[in-house]
Structure formats: C-alpha cells, structure tokens
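In the two complexes below, chain A is the common chain; its partner is chain B in one and chain C in the other.
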Partner chain A sequence: MSSGAAAVQAAQGRPRLTPGSPLRRVRKYFAVARMGFATATAYRKEYMLRSVFLVLILYVFTVLWRAVYSTTGTAVIEGFSLRDMVWYLVITESIVFSRPRLASRIDEEVKSGTLAYTLVRPYSYMLFHYAHTLGESAARGLMSFLVGGAAVTTIVGPPPFALANAGVFVVALWLGATIDFLMTFSVGLLAFWVEETSPFVLIHDRLLMLLGGMMLPLEIFPPLLRSIAGWLPMSMVLYAPARLLVGGGDLLPGRVFVIQAAWVLLAGAISVAIFRAGAKRVTVHGG
Partner chain B sequence: MSAVVLEGLSKTFRTKVKAPGLRGSMASLLRPDYREVPAVRDVSLTVEPGELVAFIGPNGAGKSTTIKMLTGILFPTGGTASVLGLEPWRQRERLAYQIGAVFGQKSQLWYHLPPLDSFNLLARVYELDETAYRTRRNELVAAFGIAGYLTTPVRKLSLGERMRCELAAALLHRPRVLFLDEPTIGLDVLAKRTIRETIRRLNADDQVTVFLTSHDVGDIEELAKRVVVINHGQVIYDHRTSHLRHMLLHTKVIDLLLDGPGTVPLLAGVNVLKHTQVGIKLEVNTEIQPIREVVAKLLEVNNVLDVSVTDPPLERIIGMIYQQEAPR
Partner chain C sequence: MAARVPAAPVGGATKRLLGHLRLLRAYLGANLSMAMEYRAAFFAQVFGMMLNNSLWLAYWVLFFHRFPVVRGWEREDVLMLWAVIATGFGLATVLFGAWRTLARLIAEGQLDYYLVLPKSPLWHALMTRASPSSWGDLVFGLAVFAVWGAPTWPRAALFAVSALACGAILLGSGIVYNSLAFFVGHAEALALQMENAVIHFSTYPGAIFGGAARLLLFTVVPAGFINHLPVAVLRHADLGFMAFAALAAAAWIIGGQLLFRAGLRRYESGNLIGPRM
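Up next is the complex of A and B:
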C-alpha cells in the first residue's frame, strides 16, 4: 500500500497497515525519550537526595584537591588549576550520576520474559531503550550539573570554561552516552546466558569510573596507562566530554569524535549481534 | 478473509535434561542431553472477523505458546498460521500495528507516570493521527470510565483501575485482533463486570476479533460465544459456549438442607458430593435414575428443610473436558 493510502487510513482512525514515514519513526523515539525524562523526574525526593549526595562528594574532593595544591605549592597540575579540576569533577560526576540502572533493568526484562512482550509493539527494542536512557540521563545529568555547579561555585568560583566549548561538548557527551548505552545494554543482555549479571555490572561500572577518568583526569595517570586509557571507550564516556568543556588541554575535538564514532560502530555491532543471538533464544525457546 | 487461521501449527521445545547432583552437572556440561517437549501439537483453527473466542486449557496446555506464535514472538516448528493475512513471525512489525494485546500479569503502562502519558506515547508508537487519537482516546476513556484517574501515577491505581487503563491502552490504535491473556485475574466482581461489559460492547460495535484466555469461568460464560479447549498441546473441544451445558445435560445436582444428620439412600447413578451434619449434596445421572425418584426417596428418609435441584456448574463441565484424553 502506498504511504498516501496509509495516511488516509490513519486519519480515519483505522490502524496503519505499514510503518509510516521516517519522520514519524524518529518522532516515535523522541516521544520515548520524553517518557524517560518524565520518569526520571517523577520522584522529586529521590532526585533531590541524589543531588545532596553529589554535593557531598564534590565537597570532599574539593577539600582534598585544595590540600594537594597547597602542599605541592603549585597553582597548576598537568594543565589543571584547582578551579579546572573541581569543575572537571562536576562534569564527570554528573555523567556518572545520570546513568540509569540500565543493565539490571535489561537483565530483569530478559529473565521475566517482559522482553518478549515488547515484541508485540511496533518499535525496536534496542532503540526504545536507547531513547529512554538518553531521556532519563538528560534529566538526571542536567539536575546534577546545576546543583553540583551551584555548590562548587560558592567554593572555587564560576565555571572556567568558555561558552564556545559547549558545542563540541554536547556532541562528545552524546556520542559518549551512546557508547555507554551500547556497552551497558550488552552487559544486561548477558542475562540470556548467565544466571547473574550483577558481577559483570559491577566490573563494568568500576572500569568506567577508574579508566574513564571519573576522579582523575587522564593527564594525571602514569604515561603508559594514560596512552592506553586514552583509546578505551571508558574515557570517551567521561574524560573526553569533560576535558573538552573545561578546555585548555591538547585534546582535539576531531580526534575525540573519530575515536568515539569508531567505538559507537564497534560497540553497536557487538550489541546488535548479542541482541540477535539472545532474541533468537526467545523466539526459539519461548519467553 | 478469516481473521486468524492456524493449520497444523506445532511447537516443540528442546530442553536440556540433567541428572541430579554434581556428577550430573558435569556430564551435562560435557555432553548435554536434550529432550524434545511438544508444547503445541498440530493445532488447526479458524477464527472469523468479529468473533469472540475463549481459548482455554489447564496450566501448561499450550495456550501461551500458541498466543506467542500468533503475535509473532515465537517461531513454530511446524504448520502455518496467518493473522489478518500476515504470517506473524515473518511480518511481526507490520502485524504489530494491527493487533493489540493485554497480558493480565504484565503491565504495559509506565509504572511511575500517569496513564495519560502512556497513552500519548502509544499514539506516537503506533503513529496515530493526532485528531484520530484524541477522538479514540475520549471514546475509550468514556467506555472504561477512567476519566478520574488519567493523571494519577499508575503505581497509585488499584488493580481494577489499572486493568481498565491497560485495556484502553491496548485499544488506542484500533487493533483488528485483540489478544487478552487473563484480563480479569485478581479483580473484584465489580471490576470484572465493567471489563467484561466493555469488551463485549467493543467487540459488537467495532467488530474487533477477540482471542481470550482465562481460567475464570465467568469470563468464558459471559463473553465468549465459542470455546476452544486445548490440552497437551492439542485442541480437544471446539464448540459454541452454549454447547458446554449440553455436555452434562443428563446430570443434575441436588442440594439438601437438613434438620440434623441425614442418610443417603443407596441408588444407582447417584454420587455423593458432600455430606455434612446439616446437609447433603448429590450428583444424579438422570439417564440411570430419574430425578423425581431420587428426590422422593430423599424426602422420605430425611427431615428436609430446603431442597434445590440445579445444573452442575460450568466449572465442573470444563474440568471434565480437561480430564478427557486428547484425541489421537
């Protein structure tokens, strides 16, 4: 049937016979992302509590770094002033705080068989979760950044970065969130084969925090570790966007985007393969 | 064109069998031993558009497996099926736009958000036209009487309220075939009635084909005009619902309320269902023993306060069908 006829049918309130235009399909996932955003803001108290916890962490780190800077007697460490360092932490911590518990959610959907029921709906399971996760992360990340930022402004002063960096930051943040989604999604899908995915989740989270540069920018790592970590997907999720926003380093946006795009392709191919193999188990063995 | 056609549909699961204990675990790791478990065997069935069919059977009979194949979630191992002219497992996404499903034990609404948010999202998911969506939504909100809790988060709704919203959500895109899996499970009498009435009305007005599974005899009796019973993966009964009653046409149930412990006269074709200090319940095969004689005998030997003669409950009839051997 032509899309025109389908549109007429839809207008008359009959169900569509075929998927609609690409625009409609994209809008579908935007609507899902909005639901994610709304879900993340549904519980105001929990939302606030997370922010309080974030402020506490940032306060501790600010005190620690202040001590480090004063004992070494330098104003700049590896290109970071105290203010740079603290604002770098605001960004990486906000990203970490924004991550929903995606892996355990997927794990639960695989085990309970809910995944099978989503196949009755006209959307892609992966894109659905991608959109939902981005929506949720955006809500939480924004809140964390605003609260955390306001808190550190009172201690070390306003953000050191130029507004001009915002453009590359947003692109790097989005690509990084995509890599993070693909990796976490894959970890959750392991539930098709193993009884308990939480050890994998734990390892993945720790690796992200350590190698991703959540507490320390990569510049502070030992040279060998720094060069390895610089190529790994974890640093593309946390370090790269944060470093690009703080600015002043020798990290080139173009280089970051290329590495990120490569990881998106690789992690995307892997998670699609895992999902297909897993979905086959659903369709062959039952939900 | 028929709405749903199944021809020789079969599904066999392969499950790993493992001997107990550590030794068994090791053996199964090295050389896994598989056993074939037939879940659905050679099921043929045709459902016409606008029909309301109850698809029932004991637990593990193959109902859900069949529904999963019809919605495209599972691949069959044999036979064919077509839903609205589409092959579900090959054309799952195209079919998804035209069918709806409610699974009584799985919520499809966003738990933390009000139902209205879920409705709006589904309108996008099913790519509905904005005005058509609003008209349809208002229609369903009125039909299910859910206007009062459209903006209350789902987690704060009672089960009955939530189920009505679930059904409305599944009907927003005007599906032509609706799969209902235990839609009234755990609901109170009033909520069940609202849901049954609305399903019946929608089926009549919109000619929606309804494929219903339920363990609730009331659902079957009040909704379905046709009953298909599946057991051990095979269809063992497929008739009009009214036909069920004829199955036990020659059986009556006598209920006596007594003034003290009574006695049951020994008669052929009479089966004691219950005998307490104050009452007797009997089942009589009227082909062997005329009901008149049994009642007369009972009144003769007992001090009867009250007596009633009824048909056996539908539940018992269905139980008898379940116990029948599957046809070979």
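Up next is the complex of A and C:
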C-alpha cells in the first residue's frame, strides 16, 4: 500500500494496516475463522444427518437418567433435577459434536507433506488452524445446540438456566475450546514421529468424554476422583462451561477462568514446542 | 451393465459352504499378514481400541458405583454386555470387515470383480477387508468375560452363543442397511447412521427402554436382542430368549442376503479399471 493511499485511509478514520500490524493480523485470522464457519454451514445436509445421531444419544441419556431418578426415588441428585441433568448433557454433547476432526487433518497434512507448503505462507500454521477450528466449532456447536435443545424441550421441557449465566458461559466455552484445540493439535502433530495417530486420537477423545464429564457431571464421581478431575484440562473443556450455564453448583467463574488460563499457557507452550521440534523434521524435495 | 445373478446349483450346499470357509480362512490369513506389514501401527490400533473400550467400562463402573442398581441391572450385567458386544462386533469385523463399506462398493459399482468369480459375491466382498482395531475389540471382549464373567464351561457356552448371535445381528442388519444402496443410490451415510444406532442402543441396559422404543429395538434397529442378552442369558440362563435371539440373528442374515440378491438385479457397473493387490 502506498503512503498516499494510507494517508487517504487514515483521513477517512480507518486504522492503518501495515503488513505486520497487530490489527491486520487479527483481521486475517478473523477472516480464517469466518471461512471455518462458512465451511461448516456449507455442509448443512450432512450435518443434519449427524444431528439425528445427537438426538438419538440425547434420547438414550434421557431414558437412562429417567430410570435412575425413578429407581432412586429422588427428584434431585447432587443438585441436578432430571431437567438440569438432561440440559447439562445437551451442552456437553453439543460441545463434543462441535469438534472438527482436527487431529486427523493435521496428521494428514504432516504425512502428505502439505504442511511443507503451508509453512511458507504468510500466516502462522498454528493460528490458522486455531481460527479455522474456532469458526467451524461455532457453527457446528450452534446447530447441535439448536437441534438437541429442540429435541429435549419436547421431552423434559425448556432450558432451566438463567440468561445471566450466558456471559460467563461464553468466556468459559472459548477458553475451553482453546485448551481443546491445543491438546488436539498436539495429538495430530505426533504424526511427525509415529505411523498411526488414530489410537492417540481415540484415547484423547475417550479421556475427554470420561474425565471431562461429558456423560456424567463431576458431582457423580467418587470424591477423590472428582477433586482430581476438577483440576484437569478435560473438565475445563466440557464440565466447567456446562455447569456454569446450568448453574446451581458451587463452581466459581473466577476460579474456572484462572484454571483455564493456566492450562491455555501450559498446553500452548507444549504445542509450540512439539510443533517446532516436528517442523525441524520437515524436508522439502522440490515438487 | 445390468448384472445377471448366477443361479445357485441345486445340491452340494455343504461343499459350497466348505469352499466359502476355506476362502474365509485364506482371506483371514492374508488380511492379518497385510496388517502385520505395518506391525507397530497394527499393535497401536489393537491396544488403542482395547484402551478405548476400557474407558467406556470405566464410565459404567463410575455410574454403578453411584447408582448400584438401575431397573434391575447391576455393574456385572453391563460388564457382560460389553464383553458380548465387543466379542460379537470384533468377530464380525475381523471375518467380514467390508460390511461397513458395502454401500460405497455398491454405489460406486465396484462389485464387478466378485460377480465373475464362483463364490457368493456378497460373502466374498465382505471377506476382503478386516479392520486391525477389530482385533482389539475381540481380545477385549474375551478378556472381560475371562476376568469378570465367572467363566465355567456352561457359562462359556452361553457367552459364545450370545456373542455369535450379537455378531450375526450386527452383521445381518449392516448388510440390510448397506444393501439399500442398490435402491436409493448413495446410502453410505444412512447405513452408517443406522449401524451406529444399533451399536449405540446395544451398549445400554435393555431394561431402560419401554413403549415404542422397545418395539423399535426389536424390529428396525435390532439392538433389543443384544442388550437383553446379559441379564436374560448370562444371569438367568434363559434358553428361550437365547433361542429367540439366535432366530433373530438368522433372520437378519437371511434377510440381508435376500435383499442383497434382489438388489443385485438392479446393480450397474462403474466400469472401473484398476489393479487389485
């Protein structure tokens, strides 16, 4: 951009966007996130078919928990009524359904060598995937929540949570999604060293499911496991945002944000270290 | 090209069956050798699947730790349910691994190779693939029964029949769903959803489902036959239910075969030319 054009732009009140300016970088990744959002919404039909499975899962959970409440003969278990429990599951399942197949994507890029081409492009490989994943997750999560929410409303009634919880929920959801991205990205990067990353992806997903509280809120766990799981990154991805939105627990938003921020820093440092170590192994043979 | 379905010769059923079993043994060996070519990846997938299943069991252990009895089901019943499903699914997928991709083969017109050979196109096509992770399911299922199933010879026999019935129901229903591709074109997504529904419903205690859901689980989505097996057969040794489940398994397999044969009359080749290695 010529200095003259920049001056005209500045005169029009728009910020000056030099190639390296932070605002320009942020806009670049916002564009990538919009691209991820558009990609997810472009395959609406495929997604709606996936949503049938989400409805099925929620139906099974509803009958399971209905059986639990009727067997125990209580209306509230660990602070959850049946309606709270089912809506908690709608949120955790929506988060899980919103996750794109990031690890497999990274694995494929490493193995096919596509990564070598993207490394020389004018963006950070890691931030590109972060922005794209967030955009894609936002679209898929929203669709899942709407479909799942509509289904369970007909069974247990409308959501029990207050709109006032939405603010802390969104922050916790974003920080949780960042932790999840960093962990999944690291798992995908293992392709630099191992032939097959799918077992690691599977184990990571199952740990998220179990220790993250996807199907059982942490309150149901035995006390020792509950206190350990409460500090782990998995529960910060699923349990914490869902519990904050449903409300009624003893979870403090400030404490959650501090733990999440700590995990973002730690997982971020690990991901960057793995990426740098892996990038050293990239060899370009022309093409 | 519209396919002609070869008429089965009268008699010699035993000979044909033995011929197919020999072919199955040969494919089993070939698939295993192929998987062992990438030994580290093979074992990683096997152990990965075993760990994956273990984490599912951990969920149920936690659940029953907090709620010891749900509609008459206890922790041991769910452990046996997982033992039966993992063994049945593992067996079906190790022996006939292509059943989960059959709809794609049909939609893309890739059955030509099997049509010109003297074996059944359906069973031949199904034998050609085995997912390495299925070995993990198989070993896991047997290990869970060995550790928590209080194995005795009579219980082992009941377990074996339950696992075989489960595998046959999963396989038979899978063939039915995938054969829909003959009639509606690209039915891969639909078949996958239906297969996942059967597997998903099968892994939950049968007693929690009632009313219309129960009817559905004994018809279109035949998970009811599987998720009642542990309590009915392994706990109460209910031979009546076992016979019922075995009949259902046979009906799904025969139904799948008939639908595939009917669909084959509508099959059109993709005229695909490619090497087979």
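List of remarks:
One rule holds in what follows: the second predicted complex is superposed on the first by the 263 of 287 C-alpha atoms of A that agree within 3 Å, B and C clash if a C-alpha of one lies under 4 Å from a C-alpha of the other, contacts with A are read in each partner's own complex, and residues count from 1 in each chain.
In this section, a contact is a pair of C-beta atoms (placed from the backbone, for glycine too) under 8 Å apart; a residue touches a chain by one contact, two chains touch by 3 or more.
All of these numbers come straight from a predicted model, not from anything done at the bench.
In the superposition on chain A, contact is made by A:32 with chain B only, not with chain C. By the touch criterion defined above, A:60 reaches chain C but does not reach chain B. When the shared chain is aligned, no partner comes close enough to touch A:149: not chain B, not chain C. With both structures placed on the common chain, the touch criterion links A:247 to neither chain B nor chain C.
Applying the stated contact rule after C-alpha superposition, one finds that A:79 touches neither chain B nor chain C. By the touch rule above, chain B contacts chain A in their complex via residues 13-14, 39, 65, 68, 71-75, 89, 92-94, 96-99, 101, 103, 106, 108, 110, 112-113, 117-118, 120-121, 124-129, 131-132, 135-136, 153, 173-176. Here chain A touches chain C in the complex through residues 46, 49, 52-53, 56-57, 59-60, 63-64, 66-68, 71-72, 194-196, 198-200, 202-203, 206-207, 209-210, 215-216, 220-222, 225, going by the rule given at the top. The touching residues of chain C, when paired with chain A in their complex, are 38, 40-41, 44-45, 47-49, 51-52, 55-56, 58-59, 62-63, 65-67, 69-71, 189-190, 193, 196-197, 200-201, 204-205, 207-210, 213. For chain A in complex with chain B, the residues that touch the partner chain are 7, 10-20, 24-25, 27-28, 30-32, 34-35, 38-39, 42-43, 114, 116-117, 119-123, 282-287.
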